[in-house]
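Per-chain residue numbering starts at 1, and chain names A, B, C, D, E and F are given in the order in which the chains are listed.
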Amino acid sequence: MPGPVFLAGDRVTLRPAERDDVDFLLENRNDPAVRAGRTAKYPSGRDDVETFLGGTMGRNDQSIGLLVCVDERPVGYVLINRERMGDSEYDRGELAYWIAPDESGNGYATEASRVLLDHSFDGIGLHKVVARAFESNDGSQRVVEKLGFTREGTFRDEAYVDGAWEDYYRYGLLREEWRERRSE
Amino acid sequence: MPGPVFLAGDRVTLRPAERDDVDFLLENRNDPAVRAGRTAKYPSGRDDVETFLGGTMGRNDQSIGLLVCVDERPVGYVLINRERMGDSEYDRGELAYWIAPDESGNGYATEASRVLLDHSFDGIGLHKVVARAFESNDGSQRVVEKLGFTREGTFRDEAYVDGAWEDYYRYGLLREEWRERRSE
Amino acid sequence: MPGPVFLAGDRVTLRPAERDDVDFLLENRNDPAVRAGRTAKYPSGRDDVETFLGGTMGRNDQSIGLLVCVDERPVGYVLINRERMGDSEYDRGELAYWIAPDESGNGYATEASRVLLDHSFDGIGLHKVVARAFESNDGSQRVVEKLGFTREGTFRDEAYVDGAWEDYYRYGLLREEWRERRSE
Amino acid sequence: MPGPVFLAGDRVTLRPAERDDVDFLLENRNDPAVRAGRTAKYPSGRDDVETFLGGTMGRNDQSIGLLVCVDERPVGYVLINRERMGDSEYDRGELAYWIAPDESGNGYATEASRVLLDHSFDGIGLHKVVARAFESNDGSQRVVEKLGFTREGTFRDEAYVDGAWEDYYRYGLLREEWRERRSE
Amino acid sequence: MPGPVFLAGDRVTLRPAERDDVDFLLENRNDPAVRAGRTAKYPSGRDDVETFLGGTMGRNDQSIGLLVCVDERPVGYVLINRERMGDSEYDRGELAYWIAPDESGNGYATEASRVLLDHSFDGIGLHKVVARAFESNDGSQRVVEKLGFTREGTFRDEAYVDGAWEDYYRYGLLREEWRERRSE
Amino acid sequence: MPGPVFLAGDRVTLRPAERDDVDFLLENRNDPAVRAGRTAKYPSGRDDVETFLGGTMGRNDQSIGLLVCVDERPVGYVLINRERMGDSEYDRGELAYWIAPDESGNGYATEASRVLLDHSFDGIGLHKVVARAFESNDGSQRVVEKLGFTREGTFRDEAYVDGAWEDYYRYGLLREEWRERRSE
């Protein structure tokens, strides 16, 4: 039996990952296609994946991490990371996601992100959500641009991909922008 | 086999939640309809739910939290929270509850609260029980008003709900008021 | 298979509670009829009940707590509590017990107490055993009086029961009294 | 040498309490006149006072607690308490303060609160600050009313003072209210 | 410099014991004359005495223990012990005290107890305070009787004193009794 | 006696902070003028400052934090922060610094940063160093621009300063850029 739904969109539902989802998480986090978008360089073991169980990203109870499901079948993972660094607590989170390779191309990342952004702005009350996409990752850029994010910078040489340094883009979306866009 | 009954009303029984109740607790704590009344913004994982097992709300052995059951079937949760804050220990507790969406509308919240209030005033000897209800939550206001609570204040802008600040009402019920009402 | 017998009477045997007895302990400790005699105000969870496993009452290795059994079937619990208070350690213990509601009225409490008193005076060498009974609890008073306890005081307003302060009686039984009585 | 100033008003400076301030904190926290405003029922020892050293109220690194000084001489203590309770994180804090009896009547509580409110609203960005004052504590009511707080409720029988139950008032001040008032 | 005063009577002041008071506490707790009233059988070391520093009796933050002082000179110790035992939390405490031998006979125990009883009933709101006195300890009986305590029982053979078992008396004083007496 | 020098420039030396430097660190970290550049919202206590003792920024042994000294007199602090975020560890660090108000305007921040950048690129072998400056902080922007950093983005609304959201600039400096500049 799948766990309880926390948020729902038209096609996708978002729910806390449970122990039964560990195989799905492990397989996809280690998959080269999924890792490419995250430039994940190290393998995930079962222990690493436990951070992703339960809905609040390990001990960080202000982040939210949810399994993306379609017809109760897990297809990916979406999260708002709110790690507090030093003195700052500026009502901000970072959006990230991955979709299993054989489920990609269906718009699930966009829909799941939209649902989680609604919750982040209207439920939690965040002022801003940021995101990153590697310069080479057109798919990820399309997703954040479709969601209404503005590109705020180009970080030169911050990823080492396929034997060379690569830039990534940094995006930002303010609460008021999200609301205007939604009301159009 | 369901766990032992701690308190009983006409239709409902209240018993400590056990490990077998975790699925029920998880599903309902994450359900958007149940969360709305509590404005719960973060998902509950299995670990979070363990706080609710055993009848005394985690390590806080002066609080009481019990599963509400009808015909041995769990339908909700009711609790008297007695977190001590600072110097105060004024014989006071806060009533809270939730009912599973497909069991709501049957008066179970009112009956379960009544049973736990009897125990709180006559068994434990509390001097006062308080409660909160969001301004938009008519159902919850009706329950506490039916129980005889007096509205003692309106807290402006203390909840962020559906993208806007909302007020909530604060209620109080004194032991003598409870007794008079019961004896009528 | 029930655990090993520690003490035996004509009908009852006393043995350390084991993990398989947790359901019995839980159900009865939470039962309103059993709680009435103890004025237990808070629910017991599985963790709370672990204190009662093993025969020596949690970490207190000078107390003794044993399951009362009839034909290997658990029917209640009896204990000699020797919590040390401050400087005093006057070779004294406090007797307490409860019997499951559907097993009460058969004299099991009296017989189990008698067996444990024999052990306390002759086995451990206690000088005195004390006991308490609420003024409203005739059954418990009959048990301790049948065992030969002397009422030594009336403690006014020391229990809050059913919404009012109630007195309780304090009893004492000296080793020499126990021995005389037994030899009669 | 006194510790470093964190915030400054016209006459008062606010700085983290240090080990050398323990005697001042102890003496005043135990003083019956200071305790009356807080209805503090238990004595403070040196260990208790350590919570108040360092500026962030023990382990709670989102609260702020500062010594109020005049001409580098400590005269009181002011704090914004931001204990998170349950699911709520509504950008809110509670203001509290005390002034040493021989320094009272000079408006130090009002000025210190004003400085800390400026920091809470403009520096930290809180949405609301709340406060409590016992019905019998005219001085404290005057301070919060002078600061622009609105009375949002009367909590009946929530303090036990001098042998009788007493009400206290609950106040709230929104960021926008603070700004309007300041700009007048 | 002596520590801060927590409660004050006509002649005596009560304040939390501090590290500088350890010698006074050690000397008197070990003094045979002081021990006689408490039947203290074991020596106190410096570590044992730390329990008595700070005003709240070790980690038990609902008990109160204070040094009795006359003209800032320590002359004894008075306490309300509120150790919770099992399920009971009946708004009750136990009064105890000792006075240094060369300061006894001046009524300090009575005055210090009176001040602490006022605080226990009117400040904390206890329903009852109990006390014990050995049958042989006329002085201690006179103090509690002068304070208005009622003898509620005689506990046979509960102290072993000078080579023989001795009884002690148990006393009780209800809040309403204290108030009536005071108003006479 | 000041501790051993770790890195040296023409006028400044950089050395690990020691216990004797706690007063200097405390006073400046709490100083409103120093805090303005860091938008530090919470006070620093002595315990917080211990993170800055020893040269490697608390438990993070890949970061470097050093006291900036002139003639053995501490004038500020400079650090390369290498907190790892998620999977990334791209040979990158973030430069930060502060100078005591009465020592500012002498170019110490620039010189200390230059010395630490030399060590970061040539000693540690970092590929890139990043930095941030609030839009309102002209002084800090001048320092990083003088050092050769390129502005890579403008982060909208990521700081809450003096009651309003403010942008900050994000800068980057690659190892090859640093070397070219130095060889000019």
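Simple rule for what comes next: contacts are C-beta pairs under 8 Å (C-beta built on N, C-alpha and C of every residue); 3 or more make two chains touch, one makes a residue touch a chain.
Computed from a predicted structure; not experimentally measured.
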Set of chains adjacent to chain E and to chain F | D
Minimum number of chain-to-chain touching steps separating chain C from chain F | 3
Superposing rotation of chain C relative to chain E, computed on C-alpha atoms, to nearest 5° = 180
When chain A meets its copy chain F, do both sides use mostly the same residue numbers (more than half shared) or mostly different ones?
-> same
Would you mind pulling out the distance in Å between where the CA atoms of chain C average out and where those of chain D do?
-> 50
Could you grab the centroid distance between chain D and chain F? Build each centroid from C-alpha atoms only and quote it in angstrom.
-> 34
Using the average of all C-alpha atoms in each chain as its centre, how far is it in Å between chain B and chain E?
-> 41
Residue numbers in chain B touching 2 or more other chains?
-> 41-42, 62, 89, 124-125, 160
Residue ranges of chain D touching chain B (in the complex, touch as defined) = 38-42, 83, 85, 87-90, 92, 127-128, 130, 150, 152-160, 165, 170, 172, 174
Touching chain E in the complex, chain D uses residues 23, 26-32, 41-48, 160, 162-163
Name, in rising order, each residue of chain A that touches chain B in their complex.
-> 1, 3-8, 15-16, 18-19, 53-56, 61-62, 64, 66, 119, 121-125, 179
